[in-house]
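Each of the next two complexes has subunit A plus one other chain: subunit B in the first, subunit C in the second.
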Partner chain A sequence: MNTATELDLAHMLPGFADPVHDAQRGFRCVLDALSRPGRLFDMTVDVTPPPGLAPAQCAALLTLADCDTPVWLEPGLRDAAAGHYLRFHCGCPLAADFADAHFVVLAGLGALPQRSALKLGDPCYPDRSATVLVEVPELEHGGPIRLRGPGIADVQAISVGGWTARTTAFLHENRAAFPLGVDLLLSCGGRLMGLPRTTIVEV
Partner chain B sequence: MNEAAPDVSRRLALGVLACAPAPDLADCVRALGELPRFTWLRQPETGLVMLRARIGGNGARFNLGEASVTRCTLRLADGSIGVGTVRGRNPRHAEHVAICDALLQHPEYAGRVQAQVIDVLVRAEQARHARRSVQVSASKVDFFTLVRGED
Partner chain C sequence: MTQAEAHDGYNFAYLDEHTKRMIRRALLKAVAIPGYQVPFGSREMPLPYGWGTGGIQVTAAVIGRADVLKVIDQGADDTTNAVNIRSFFRKVTGVATTERTREATLIQTRHRIPETPLSEGQIMVFQVPIPEPLRWLEPRETETRSMHALREYGVMHVKLYEDIVRHGRIATTYDYPVIVNGHYLMRPSPIPKFDNPKLHRSPALMLFGAGREKRVYAVPPDTDVRSLDFDDHPFAIERWDAPCALCGATDAYLDEIIIDDKGERMYVCSDTEYCNDRQQAGHHGTQGGAPRA
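Now for the complex of A and B:
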């Protein structure tokens, strides 16, 4: 599961400047994003992410990942700066399989795997499921994608770069299997939007 | 498998620094004068580690107990990386260990740190050890068994 290569400290970037308060700010942002699906939040924490991680993704992982949460990174990033960065700062193992990962980091919605490959929780513990962090090229309020469900007063319209029919099908399937499923955190640079498994998506 | 041999001298130096009393190390570091600036890769943070031991030194493994440990990692402007891990909760101690570790890899400072910090601390530790040996050996008792009383 874990790539046991030695950590490359020579090219290591610093993590949070103020670990306690930055992690608290990061946690608040993720909490807000998942409780208000479809609304954009600024990840106000200042970090310099390694190549392959977006700023909001990086801050969310520094906040949430630890030794108990295997993180799935694209194979090319695992033994690169991003993998070393997460192992050093979060102490998290890097998962080789989606099935082991508590966090899955993707560079676009096109990289979403089959839903069944991911950790979906089990009926007694639906929380033991994966959180999928996806960086998208565009993320705005208003647009063709309409969201309903808990945390949304009426309807929340969004537009998301790289969204395809496959994404819609993935989220329909994810919603249908409630309470099992994965939660998505979309990011675009330093901004974050939550799409938890409770959200109903219409395009 | 393991091509790069472990850097023994670095490991020894880190051992000396981490085991030295924090005030002694602080004095030595102060005596070095102006030091290069550094950035934190990981600020000093304190946590617990489980100390494990083996029964009789080579038997079954067991958890001896937990110890608080403080660690940090920093980088000097020239790119040298210093790591510091010390027992206890003294962040300055961990910082001083990391600074010395980084300076030992810095061509300009390595000699001075070796002479003014590592060697000084090793001598102090040897003196402490010798003093303690004298104290302990004063109360040493030799037991001679003349007759075992059996058979």
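Now for the complex of A and C:
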């Protein structure tokens, strides 16, 4: 699963400046995002991400990924700075297959694979499922996408760059298969928004 | 609010970072699948199972330097379990602690939800002895897992029905089973059923930790939590004939205290902070008004 190439330590960017407390703040940001779907949260932790990882994605992975959680990166990033960065700082294996990945890192909603390709969990253990981190060009409150479900008092309206009918279909399918499914973390630069499998999406 | 100095020699919040990451990942899946019990690698803690090791591990994974921690045991800030857990976190984190529900960002609790309404941004951490609501009805974990997957909860309704046949009413008064977001049957931990309605669409995030049983689960804010009942036997919370003897509250959960050997008893708020606040605001019961020490 792991790429065998030697790590490029000469060009390695730093991870968290204060690993214990940065990880704690990073976690609270992700926890807030998944407890309050459709709300924007600032990932307040400073990181210098390698090319191919957005700041919020990078901070979330430094917070959550380790040797127990294979991470899927786009093939072009695996043996580049991003892959080396994650292998060095998180010690995580890089998954070649979506089916192995606990975390899937995507550069846009268009890159979402077939839902069935991802780790969806088992009916008895739906927690054994992937978390998909997607960087999008625009992420705002208010807009054409309306969300309901746990964590949302009434309705939460959002607008998301790169959202297509296929995204809607993916999320409808994801909701319908509850408790199986994946949980999405959308990011736009340093901002984060959660779309767990419980969220009902209307466009 | 009191500030503490953390001891050297331990990682912040006692647990190592690898353990915290594992618990954090479990908590995120727990939030994404409300009411579902996520297995986690529960660690040995410096106190025995049954004293809140699950809640402590959840708190340790969540707590940060900016947090203000409140710890209660059966509603009281000043009983053994609460005092010890609070002092543990003061030692290993140095975070500020408080007895005031409104000031707290993180509230670890054994068996109560405070009377003061919770607000958005607060996190409740419950200590859970037995997380599986079906455990006394079906001992096999493999079976209860399938029953949850299939939402096959008839056996719990039968149990409640048998209560009605035997006692004329549903006799379960604490750890009263709930359905979360229309799917998972969940034990709310041994809180009195009086507190069940506070779980429904609460503005706060509810996290549950069971250390011996190695499970965490969660109820996100604004999530439907329905107590099981029947059309002709609707769910109802406890009521008392007398108000709190110290503060006169009629809307709080009351503890019965025997005060002499003739069987005389008084009823007082189980939530000490709520009771003290009311007394300080000038409310009186039949037996007092002065703030309790």
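Going forward, the second predicted complex is superposed on the first by the 203 of 203 C-alpha atoms of A that agree within 3 Å, B and C clash if a C-alpha of one lies under 4 Å from a C-alpha of the other, contacts with A are read in each partner's own complex, and residues count from 1 in each chain.
One rule holds in what follows: a contact is a pair of C-beta atoms (placed from the backbone, for glycine too) under 8 Å apart; a residue touches a chain by one contact, two chains touch by 3 or more.
Here the structure is a predicted model, which means the values were calculated and not measured.
Touch criterion not met for A:Gly143: it reaches neither subunit B nor subunit C. Touch criterion met: A:Leu34 reaches subunit C, while subunit B stays clear of it. Legend: residue contacts after superposition of the two complexes on their common chain; A:Pro19 is shown touching both subunit B and subunit C. In the superposed model, A:Gly161 lies in contact with neither subunit B nor subunit C. Residue contacts after overlaying the shared chain place A:His89 against subunit B, while subunit C stays out of touching range.
In the superposition on chain A, contact of A:Gly189 is made with neither subunit B nor subunit C.
Taking subunit A as the reference chain, the count of touched residues is higher for C when subunit B and subunit C are set side by side. When the shared chain is aligned, subunit B comes close enough to touch A:Ala10, but subunit C does not.
Residues common to the contacts of subunit A with subunit B and with subunit C across the two structures: 19.
Looking at the complex, you find that subunit B touches subunit A at residues 39-43, 45, 73, 75, 79, 81, 83. Across the interface of their complex, subunit C is touched by residues 19-21, 23-25, 27-28, 30-31, 34-36, 63-64, 66, 68-69, 102, 123-127, 129, 131, 149-153, 178-179, 183, 196-198 of subunit A.
Residues of subunit A that touch subunit B in their complex: 9-10, 12-15, 19, 88-89. Residues of subunit C touching subunit A in their complex: 11-12, 17-18, 20-22, 24-34, 36, 38-39, 61-65, 142, 145-146, 148-150, 181, 183-184, 201, 205, 220-224.
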